[in-house]
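Please go over the structures that come below.
Shared between the two complexes below is chain A, which pairs with chain B and chain C, respectively.
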Partner chain A sequence: MDFSAIRLELVAALIALSLLAVGLIAPRGKREMTGYIAAIAFLGLLALAFLAPGHGSSFLGGRFLNDPLALFFKRVFITAAFLVALMSLRFTAGLEESRSEFFALLAFSLVGMMVLSSANDFLSLYIGLELMTIPLVVLTAYDRASGKSTEAGTKYVLLSAISSAVLLFGLSLLFGASGSLAYGDVAAALAKPAFGPASGDPLAVIGGVMALAGFAFKIAAVPFHMWSPDIYEGAPTPVAAFLAVGSKTAGFAALARLLFFVLPSNGGGLSLVVISLSVLSMVVGNLIALPQTNMKRLLAYSSIAHAGYMLLGLVAASRAGLSALLYYIVLYLFANVGIFAAISSFGDGGRSGEIASLRGLWKRSPFMAASLLVCLLSLAGIPPAAGFLGKFYLLAEVARQGKLWLAALALLMSLVSISYYISVIRVIIMEKAEDESRIRVPIAQKAILALSALATVGLGVFPGPLTAWTQAIAAAVLR
Partner chain B sequence: MESFLFYAFAALVVISALAMILSRNLVHSALYMAAAFLGMAFVYLLLRADYIAVVQILVYVGAISILFVFGIMLTKRDRMDGSNGFNRYGIIAGLVGLALFALLARAVTVAGASRAAPPADVPQAPAGGSAVAISNLFLGQLALPLEASALLLLAALAGAVVIGKGREKSKC
Partner chain C sequence: MSGLPLLPAILLSPFAGALLLALIPEGRKSAIRAIALVSSSFALALSLATMILYDRSLAGMQFVARIPWVGNFGINLDLGVDGLSLPLVLLTAIILFAGVFVTWRLETRSKEFFIYTLLLVGGVFGVFMSMDLLVLFMFIEIAVIPKYVLISVWGSTRKEYAAMKYTMYLLAGSAISLVAIIAIFAYAHDPARGLGVWTFDLASLSTIHFDAGFQKFAFFLMLAGFGVLIPLFPLHRWTPDGHSAAPTAISMLLAGVIMKLGGYALIRVGVGLFPEGAAFWAPLIAVLAAVNAVYIAFVAMVQKDLKFVVANSSISHMGFVLIGIASLNAASMDGAVAQMFAHGIMAALFFAVVGLIYDKAHTRAIADFGGLAHQMPRVAAAFLIAGLASLGLPGMFNFVAEFAVFSGAMQVYPVISVIAISSVVLTAIYVLLVFQRVFFGPRNPRWDHLSDARGVEMVPIVLLAAVLIGLGLYPRLIMDTITGGVLPIVQRIASLHIGGTF
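Entry: the complex of A and B
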């Protein structure tokens, strides 16, 4: 048994447990130091993930894979957790109590995401999913001073319980159709001529659709998206950021593995389901984002639309498609974290998040306005920000496979999306603020904003290294 | 004999489940739910899953139903009328449920027909019951999910304390 394959998970779990312990033994006035410890620990974990990720590729007879794809997602999750921990320092400083548990729960959620991205059987998949979700529910309800936060937590726990139930029902049907929990055995059983979805084994088709529905909830794809605007709005801003980048990316990690290696999507009915999810998400997400007046709700709808674009990479189901999806995930991470960091720098810690509060930001904090601008342009897909190339890679691959109408629709919807991003930019630059005082941006937020803006422009201008890396991953996992 | 027992227990499950969702009194609903869980435990026994059957009785009948009764007692709402805001969707929900049932029933029958005939008799449970096989799996191949679920329980416990602690200025 080679424990180096689960080295990252072990260290992450150790971080979570230590943070709980530090919160208990630290003197009462010093509890905010858990936040700094968490940020440093996540940074160390990130270094470990890049320098010594463990050489073993599988654990426990292939039930747990540490392949390049899983490793890529783990690096994304750890980066997200690090940035969110930095972003949370200000929020937790305003809390009266339970400051230290916040970061421990963040770390537990991170472990869940890592298990989810490595899971190679249904049991690890489900436990990883719940280990990710349940701490997130608590974090969503963390702002005890705000009724909206409690409401958001209640909604999240109920809806994610329902989605878990649907997912479990689907997995149990897949288990019934194949007689095994391990991905390899399930794929082998479903690929047999009499049993494959292409030839219509109804159990596998219904099971696959239900499993897809469960993860469509996690990535907030239409029609399983209703939860996300309310919860992004009610949750503390750093938690909303973690939901938008961490939880969504984890959903894609699991979906990619299921669709590429377990459920034969090409030619079967399932690819039609994925296409419908993608089309609906792009259309509904972008159109409902247009009239929004709250920045967090706007980001929720725009992240629904982005889930639609990212699903295109799974629709393509090819090496280029997977590589484009991975590229998009990285640029989406930095653009979203940047915007959420900007919202959380406001006086109220981003509790309201009204777009009107951004008025005259150009004068009140030029640095924040500039970084915000770069991130918004990236999400809108305007060069030289990275979003343009991300969309280009996805659409080019879909078009190359002959689904021209799908690429055209995505392009049209992305043009629609430009209008609401531009209207936010107009508020930032053109409108006058009632209160022209300068905003004091906390140093952690400054660091995040600078990093996000630099990464966004850097990935757009020098896409070479990241593209080469994502292509190598896609070539390594898809034969 | 086995099929007679199966139909008897299946009827118990279906009737108690229906009674659970139709009853106006929440405490009655909780008791019907316990009865449905008990019926499921017997069905598991017929499938030679003795360990799951015992766990079903211990955890679901014994603990979860009682937890529900406690929840009803503490929230002091023992009638459906005061607690369920979605009753006006009853007909639509019923139709959706029936459609889903029809779909699943059809899928199971078609899939059952396409497979080889099941063995004449369900294999006997190994000596010592299925608990041995299950514990071997959990401490062997499935050790990682087991450990992850330990973390999950700890995180849930810490989270429950954070949420349940209330807002008054406490020692932390």
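Entry: the complex of A and C
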């Protein structure tokens, strides 16, 4: 067996276990160092993922695939985990106890995401999914002082269980239809005329739709989105950020592989399901975001809408669609992390996250106001921030497939979204704060904000390299 | 000489200025002003140099600078100017320069004001220089947020409402035109109908013969999308609020330059790519343009606020540009471009003068004034120059432009042209009435404390008035260039029949 294919996962798991150990060994007063160790370890892991990602392409007889697509997602997850660990330093410093376990759980969840993106088999898919979700449940409920956090954790565990059940049921139907758990065998079995798109065999169709539903929950696509606003609001801000960028991206990683390589009727019925999910998410997410007064809830709804945009990349198994999705995932990561970092910089560590608390930010912290502005513009899709090109890639590909109406609808909804992003910008730039004292932004938050803003503008002004990279990945995995 | 990277330098100077300003502490007012002044004079000097060095006998795109951007998608930062865009680049530089002086004494958040203004102008330069459709569109979008912030922070009279209305109107327009742009992109990529490659290069796109149905569809989207910017009746409702609420320098830019983005994009992209679509929709444009010119002139007549008069007169004057475009012949199109330039300068002068009066008197209600010429003779003279230009007095550049528009339009739409020309008379009525009510009459002691324009306040007035009169007396300075830019576009249409049914 070639262990180099799972080198990154092994190292990540090792980091998780060592973090637990460090928490036990370190003297009581010095436990906040776990956070720094975690951040540095994630940074090292990121370097490893770029420099020596392991040359083996598969493990366990192809159950686990370390192809360029999986590697891309892993790099995104590790970056997210690194940024979230930095963001969490302030939150964990305010905790009475169990500071170190926070970062160990974060690392375990990261391992789950990485396994999920490499899964080439229903079993590894499910293991990855649960390994990702269970630590996230604990993290969501981590703020024991807050009733909302506990409530969010409870909601998350119940709803996750239901979605897992739905997913498992779907997978079992697909297993029943094909007699195998491996993606390749399932795809081959489903491609036979008996299960082909034309036959409309209920077993394959229902199985496929249920599997989709399971992951639609993870990416918070309408109508499987109900959990996300409450949980984003209740969870500690860094955890909400990890849910928004990590867990959602992991859902897309799994979805992309399922839709492109396993479920055969991509051109027919399932494509219709994807389009419906996308349209519903864009419309519902953006419209409900309009009246929100809490920044975290607003971000939850906006991230539902963004799931809708990103689903456009999965409508057809096309290279341009996949590469557009990958591009969007990167810019979405930086924009969201930037905004969550800003929320978590406030005095209460972002517990309330009311939009009103951003009042007069241009005066209280011009740096934070500018970075936040850039990230909001990216989500709104206004150049020179990266969001414009990201949306453009997705919509151009949809239009090329002959669905100009879908692109037009997405633009209309994006117009709606701009009005609520602008209302946040208005609060930041124009409204007067009662308390005009300067905000002391913690150094870690400052670093995240600077990085997010720079990456967002950088990707918007120099989109060439990332575009070429995502296109190369799409070309390598989709033939 | 076209080896010099003049265009990238012009484009970068406002962005570089904005970046420098961001690094300077808020308190250092004179350094802030100096940076704004230097970057705007730099842009103006280079634009003038480009204008002088542009080879008229050659015409076509010159000073081309190609910067690869997203190679795989065929999106490139290709910059170039021709007779259509060069005057508008110069216009932008002139108004920015004048705007810096108008805002010379701004105290509140002046650093941010200049940052946003320079970002806005950088976007505008980008639109006029871009030879790539998507980059052109992106530059239009870059200007959106600066405009919103500028109106809502430094504006007056229901500024937040106006800023939001303005922004949403413009973004809705953008969304509509982006649908067309995406459709063009997909069409061009289709190997059977288009080129079979990803490209946004306007020159390559114009070699495609889009089928007639697509031309009608795409041109209509462009018309609706860019029509908001121009603004085309009935998409104009944002304009009076937005232009009146904006601070003076920004009103100058909005009326002077931003409206021209729409006209420019409609000619460059709409007419340039879809001659058949343009010919099909031209009669509709002409009718709406006549409504613009005449109806809005009546609206301007009943305004009580000085700035609303000017704002509405801008919409009315853009009607001439639209008629020029709708007539689709060389003379009228020449006139349309010249009118964009002339109106830009004239509107900037108007807003500068009104801004001066408002800064000193803290009111813009026409009824409050009277006999102001006693206290402010120079301001009165400047207002009169702008007013006379506005009503198309021979000797002003506006006359040249309007004459060209209507000599072309008369050949195509005799009836509509006559109706639209009547708005010149209406303009004369409201401009002179306003002038009489504000500046003539007995001396009003209430305004005795007002001082006349002097020092830096005179810079924009003298500059803008000199351009209007200078080009009015010697229009060849700029008209030859414009003709060279317009001809290639018009020639593609010459054989087409205007109007028609689906």
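Heads up, the rule we're going with is that the second predicted complex is superposed on the first by the 475 of 479 C-alpha atoms of A that agree within 3 Å, B and C clash if a C-alpha of one lies under 4 Å from a C-alpha of the other, contacts with A are read in each partner's own complex, and residues count from 1 in each chain.
Assume a residue touches a chain if its C-beta (ideal position, glycine included) is under 8 Å from a C-beta of that chain, and two chains touch if they have at least 3 such contacts.
These numbers come from a predicted model, not from an experiment.
Touch criterion met: A:177 reaches chain B, while chain C stays clear of it.
In the superposition on chain A, contact of A:399 is made with chain C only, not with chain B. Once chain A of one complex is fitted onto chain A of the other, the partner contacts of A:152 are absent, as it touches neither chain B nor chain C. In the superposition on chain A, contact of A:388 is made with chain C only, not with chain B. Shared-chain residue A:429: touches chain C; no touch with chain B.
Contacts of A:408 after superposition: chain C is touched, whereas chain B is not reached. Contacts of A:464 after superposition: chain C is touched, whereas chain B is not reached. Of the two partner chains placed by superposition, A:222 touches none, neither chain B nor chain C.
When the two structures are aligned on the shared chain, A:111 is found in touch with chain B, with no touch to chain C.
Only residues 22, 68-73, 112, 134, 138-139, 141-142, 144-145, 148-149, 152-153, 160, 164, 167-168, 171-172, 175, 178-179, 182-183, 185-186, 189 of chain C touch chain A when the two sit together in their complex.
Of all the residues in chain A, the ones that touch chain B in their complex are 6, 13, 16-17, 20, 23, 28, 31, 59-61, 63-64, 96-101, 104-105, 108-109, 111-112, 115, 121, 123-124, 126-128, 130-131, 134-135, 137-138, 141-142, 144-145, 153, 173, 176-177, 194-195, 201-203, 205-206. Against chain C, in their complex, chain A makes its touches with residues 362, 370, 373, 377, 382-384, 388-389, 392-393, 395-396, 399-400, 404, 407-408, 411-412, 414-415, 418-419, 422, 425-426, 429-430, 463-464, 467-468, 471.
Within the complex formed with chain A, the chain B residues making contact are 103-104, 106-108, 110-111, 114, 140-145, 148-149, 151-152, 154-156, 158-163, 165, 167, 169-172.
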